[in-house]
Amino acid sequence: MKALVGIVMGSDSDLPVMQAAADMLIELGIPYELTIVSAHRTPARLMKYAAGATVRGLKVIIAGAGGAAHLPGMIASVTTLPVIGVPIKSSNSIDGWDSILSILQMPNGIPVATVALNGAKNAGILAASIIGAFQPDISEKLTGYKKKMEDEVIGKASALKGKGQPNQFD
Amino acid sequence: MKALVGIVMGSDSDLPVMQAAADMLIELGIPYELTIVSAHRTPARLMKYAAGATVRGLKVIIAGAGGAAHLPGMIASVTTLPVIGVPIKSSNSIDGWDSILSILQMPNGIPVATVALNGAKNAGILAASIIGAFQPDISEKLTGYKKKMEDEVIGKASALKGKGQPNQFD
Amino acid sequence: MKALVGIVMGSDSDLPVMQAAADMLIELGIPYELTIVSAHRTPARLMKYAAGATVRGLKVIIAGAGGAAHLPGMIASVTTLPVIGVPIKSSNSIDGWDSILSILQMPNGIPVATVALNGAKNAGILAASIIGAFQPDISEKLTGYKKKMEDEVIGKASALKGKGQPNQFD
Amino acid sequence: MKALVGIVMGSDSDLPVMQAAADMLIELGIPYELTIVSAHRTPARLMKYAAGATVRGLKVIIAGAGGAAHLPGMIASVTTLPVIGVPIKSSNSIDGWDSILSILQMPNGIPVATVALNGAKNAGILAASIIGAFQPDISEKLTGYKKKMEDEVIGKASALKGKGQPNQFD
Amino acid sequence: MKALVGIVMGSDSDLPVMQAAADMLIELGIPYELTIVSAHRTPARLMKYAAGATVRGLKVIIAGAGGAAHLPGMIASVTTLPVIGVPIKSSNSIDGWDSILSILQMPNGIPVATVALNGAKNAGILAASIIGAFQPDISEKLTGYKKKMEDEVIGKASALKGKGQPNQFD
Amino acid sequence: MKALVGIVMGSDSDLPVMQAAADMLIELGIPYELTIVSAHRTPARLMKYAAGATVRGLKVIIAGAGGAAHLPGMIASVTTLPVIGVPIKSSNSIDGWDSILSILQMPNGIPVATVALNGAKNAGILAASIIGAFQPDISEKLTGYKKKMEDEVIGKASALKGKGQPNQFD
Amino acid sequence: MKALVGIVMGSDSDLPVMQAAADMLIELGIPYELTIVSAHRTPARLMKYAAGATVRGLKVIIAGAGGAAHLPGMIASVTTLPVIGVPIKSSNSIDGWDSILSILQMPNGIPVATVALNGAKNAGILAASIIGAFQPDISEKLTGYKKKMEDEVIGKASALKGKGQPNQFD
Amino acid sequence: MKALVGIVMGSDSDLPVMQAAADMLIELGIPYELTIVSAHRTPARLMKYAAGATVRGLKVIIAGAGGAAHLPGMIASVTTLPVIGVPIKSSNSIDGWDSILSILQMPNGIPVATVALNGAKNAGILAASIIGAFQPDISEKLTGYKKKMEDEVIGKASALKGKGQPNQFD
């Protein structure tokens, strides 16, 4: 099955964070691909990856990087597909501030859809919501996912009450 | 023509910033709607706006807000459509840090696609790239827009050379 | 006994922090209730909780949340009761800055009484001081609590002297 | 009429900001008093002000200060009344960060109800909401104020539509 | 022997940091006293401590505190003695920023001589340098201390060379 | 008359800020000297200035600098006199953060008594308080200065009452 | 004459800042070239510029950019020449923090020699010092430049004394 | 063999970070020397080290320091050689911000080539790139190093595919 979402990251040390994006797409039944593309160590590979993304059938690209994180922005400079940037709090990052600012603060003309620090799971959901805007089956799965989250909260509220926390609301 | 993109903001004082999103959509020929929805002053209106967005045909929602900016995230809590958040450096904002962090740092499950501070123009382009991933005519317009930006840079480089700046590259 | 203070939090992972608010209220003999309400996962539950708070007899609401923390502000958008916000340094927070700014920087018209990062104990005391302004028995208990804190400091100063620290003041 | 709210500030240069708190109380019909008390220039005056507040009939104290802002916290160290702190972005403040942190980050035992930077208007509303929790006439006025804010947003949305902004929602 | 330096801190939990100031004074042979004075828990004790400092013979006061750290500034508001403030990175501090800013950013008229975060050792040296400006025996000891530091660096440089690090300078 | 305080700054562009230190010393009758010493442009001059300070009779050195501000710390590395650092928000500074941190965060062994951003006036007062700890005539002048500040606050409070601000305290 | 230094910037709006680098090189007699290369608008031009830099005779590249500033780092990813990055406080930058962090925090393997915010003049001097390490004539000019700076400071100190500032040092 | 690069640091506690610079130079076959020079503990040694650097044959100086880090800038104030500054996140640093700002924000006239926080490895590579601009054998080694980094990324991408990660690009 052809991948609709491409997940790339600057280093395999980012995989523990970025796997959450892949897991979310698996849960929602959206085919994806995942590989390593480094803006600084493999600039030519980056250009090739981004230039061919539309032709290979991708609808969204998720790019994660940390520190002076140029990967999401440089991919966005080449493709017209929506690029979701995941700032990673890597070992060389200053509490994540560098990762966030170097992904978020793109100049006019080349946006990157930035999610929270280490927010790979949300990157997967955002990719799904983009596809879901045009594919009702995915949109329905997201509705189900939202319902499940709601039920979990209510379940936990109920459990707290069961453990003796005073609750005159539920 | 039915709007594909909904643009909302917390106050009409945000319009000078947010108009850039609308202008970009006009330039790219994408129908949109624009109104004021305040998370804090009109919570019921927010719920109604977000809950009906899919049925009314929207594909993307762009929400701009400043300070403790809850509008994008609260809309995202209700709809499954992709929500683009524009942090606004409003008069009550601390250099924009509050606007950025309260839009970007959404918890797992409810992403907001955050763009740069005051990046309404990029929000318009990002909305177009989302639609363009599924509508080739929009994708082509974005390719044209990218080409135009490239030509402008080369034109400016040429102009600098014309004004006597030493340039042995071009 | 009818609860005077409602304590809510976005997730049960916030309970270890927020329990300190409840403990303080227990110590001061103020009836409370405690449950989970998520702004992003259960927006309808949030609206219902806040809308019914006055009728159910609450005098103060304490709301704790982390990251892009919208819970206190959204409750304040619905009720006229005083809302105390507790910024939580949760695992997805950037050292607590996002939690603080997204609770503190509310726009004109909808205040949240923000306490220190992870300051749930102080939220409990603040709730008591609000009630105590109108119920002398609670005010007296707070006076006693203040006295106890003072005595503890003097006791510790005395203990340090006893351990040989030079002290020509006491 | 006896003042229910005491408004204090460290310097008359803070009055342009703090007057908004007084104006809000006037609008809501709540008697107040307003004067200058400096933690650093008049520590004895501060102690006397705070120690007598309850006896003089105050229910809430609003204290505004900038820079290393010790006024709200030192008042809270003496009285058991709720103290609302307004961080002021004064000329000697570093973008307001010092004002915010030195008011917000109070230690366990002595809370200050902190509002947004320069948020004196919200301090007035918060004081009203505290009183309103025990005086229904004030609570009703706050409900009216909330309604007015909502109407203003809807009016502005309508005005934007009237000026030709596309709006398929209203 | 009469104490020349008074060391105070807000809580005995600050002692592990503040002991370094005492140790430095012991090393330099300067009599001191050390106790607990809390701005927020014992405001009256603070006033008494600061008001009597000159009469009791103190020449310098060292005050350490964390979070919304009001102790150094409030002591400086009462006494004309030089007050050295030590910002402490206590458990309730946001990486020390609150401690630093609420001690450093004192308004015109009431300075606090602020040292580095957790810089109690330097507070001790600074107190000694103040006394040493008027007592040559202390000044000489500081000269000796400076010489010892220099010798240690040169000794370590020599040791590195001995371990085989290339060094064509020494 | 021999100078007791030396005021130095890195550039004459810092004079508008640093003059406030000199003015304060004039007001308190303390002889001083003032000149330009640049750590980076005149390192040899810096070494010479600091090395001769004690011999020339100085008791305190006040050093102001902005950006990567090395002047106060480098002077402190040479002399045993107390060095007061004034972080200046110069045109090349990032809102003053660089100035503050590069003066405040001195390593163990070489303290700088740091005052608030642009706090040259407080540097003058701090120098006076250091001298006043050993010269009662200066200490008395500082007591008078404190009294004057207190009277000014009370005068302003009275003026506000005169203008109609409600005041049931005074 | 063949250019030894290449100066590039992302937009002609950066020229007012970056011209200072060119002016410095002119003053020191070092041939340079200057043009516009945008990482995001002309990624192919960037790759071509960087790939050909060594062959065209450049010894150093100076790259200025603001916001999410990827230009210096991406050039460094392609060439082995030293790349000097100038963070620019452009209109879309958050006080320059994004510019600094996205240039400075490069990952292991691909350094960028970062200078101060808007420090284009220093970028020119740093380029000269790099060339001067291998060309004694340039090194001598830098020695002269350093001497001139020193003389200017001493001249200004003398002027201040002439205007009546007390100075017992010179 | 005469050292081309001098590596200095303020304390032997910085060696675990700074050794990476030496290791990189060893890998690239560039002779270096390494020792301890403290700006604050051994100012005279600093002056001597910097003043003799050119004569002793150095082409580049790498200086690492943390906190109020004055070492790189003070060396640059004396020599005309390029100085690379390594901000170190030492135990007394505030998350590295002080180290970065006090090295990066040098005034006009005296640049320091700043690399990332703890970026000693990159300091070694930058020194090599400076030398490589004039010595083709070093430049070739850097090209080889870049190729090796690229191969490693491609190798890791291949390994991920081998482990079952979907990859339709390679």
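Labels for the chains are A, B, C, D, E, F, G and H, by order of writing; each one numbers its residues from 1.
Keep in mind that, in the parts below, a residue touches a chain if its C-beta (ideal position, glycine included) is under 8 Å from a C-beta of that chain, and two chains touch if they have at least 3 such contacts.
Please read all numbers here as calculations on a predicted model, not as lab measurements.
Enquirer: On the document's contact criterion, could you list the chains that touch subunit B and likewise touch subunit E?
Expert: C, D
Enquirer: With chain centres defined as C-alpha means, what is the inter-centre distance between subunit B and subunit D in Å?
Expert: Going by mean C-alpha positions, subunit B sits 34 Å from subunit D.
Enquirer: How far is the middle of subunit C from the middle of subunit G, if each middle is the mean of its Cα atoms, in Å?
Expert: 51
Enquirer: Could you say which residues in subunit F touch two or more other chains, in rising order?
Expert: Expected reply: 11, 41, 67-68, 92, 94-95, 97, 100, 104-110, 112, 116-117, 119, 146, 149.
Enquirer: Kindly provide every pair of chains that touch.
Expert: By the stated definition, chains touch in these pairs: A-B, A-C, A-G, A-H, B-C, B-D, B-G, C-D, C-E, D-E, D-F, E-F, E-H, F-G, F-H, G-H.
Enquirer: Which bits of subunit A are touching subunit H when the two form their complex?
Expert: By the definition above, subunit A touches subunit H via 2-3, 6, 11-12, 15, 22, 31-38, 41-42, 45, 49, 52, 56, 67-68, 92, 94-95.
Enquirer: Can you list the residues on subunit C that touch subunit D in the complex?
Expert: By the definition above, subunit C touches subunit D via 54, 59-60, 80-82, 84, 100, 104-117, 119, 121-123, 125-126, 129-130, 132-134, 139, 142-143, 145-146, 149.
Enquirer: Can you list the residues on subunit G that touch subunit F in the complex?
Expert: Listed in rising order, the residues of subunit G that touch subunit F are 95-97, 100, 116-119, 146, 149-150, 152-154, 156-157, 159-161, 165-170.
Enquirer: Provide the residue numbers of subunit B that touch subunit C in the complex, in ascending order.
Expert: Against subunit C, the touching part of subunit B is residues 10-11, 39-41, 43-44, 47, 67-70, 73-74, 76-78, 92-94, 97-98, 101-110.
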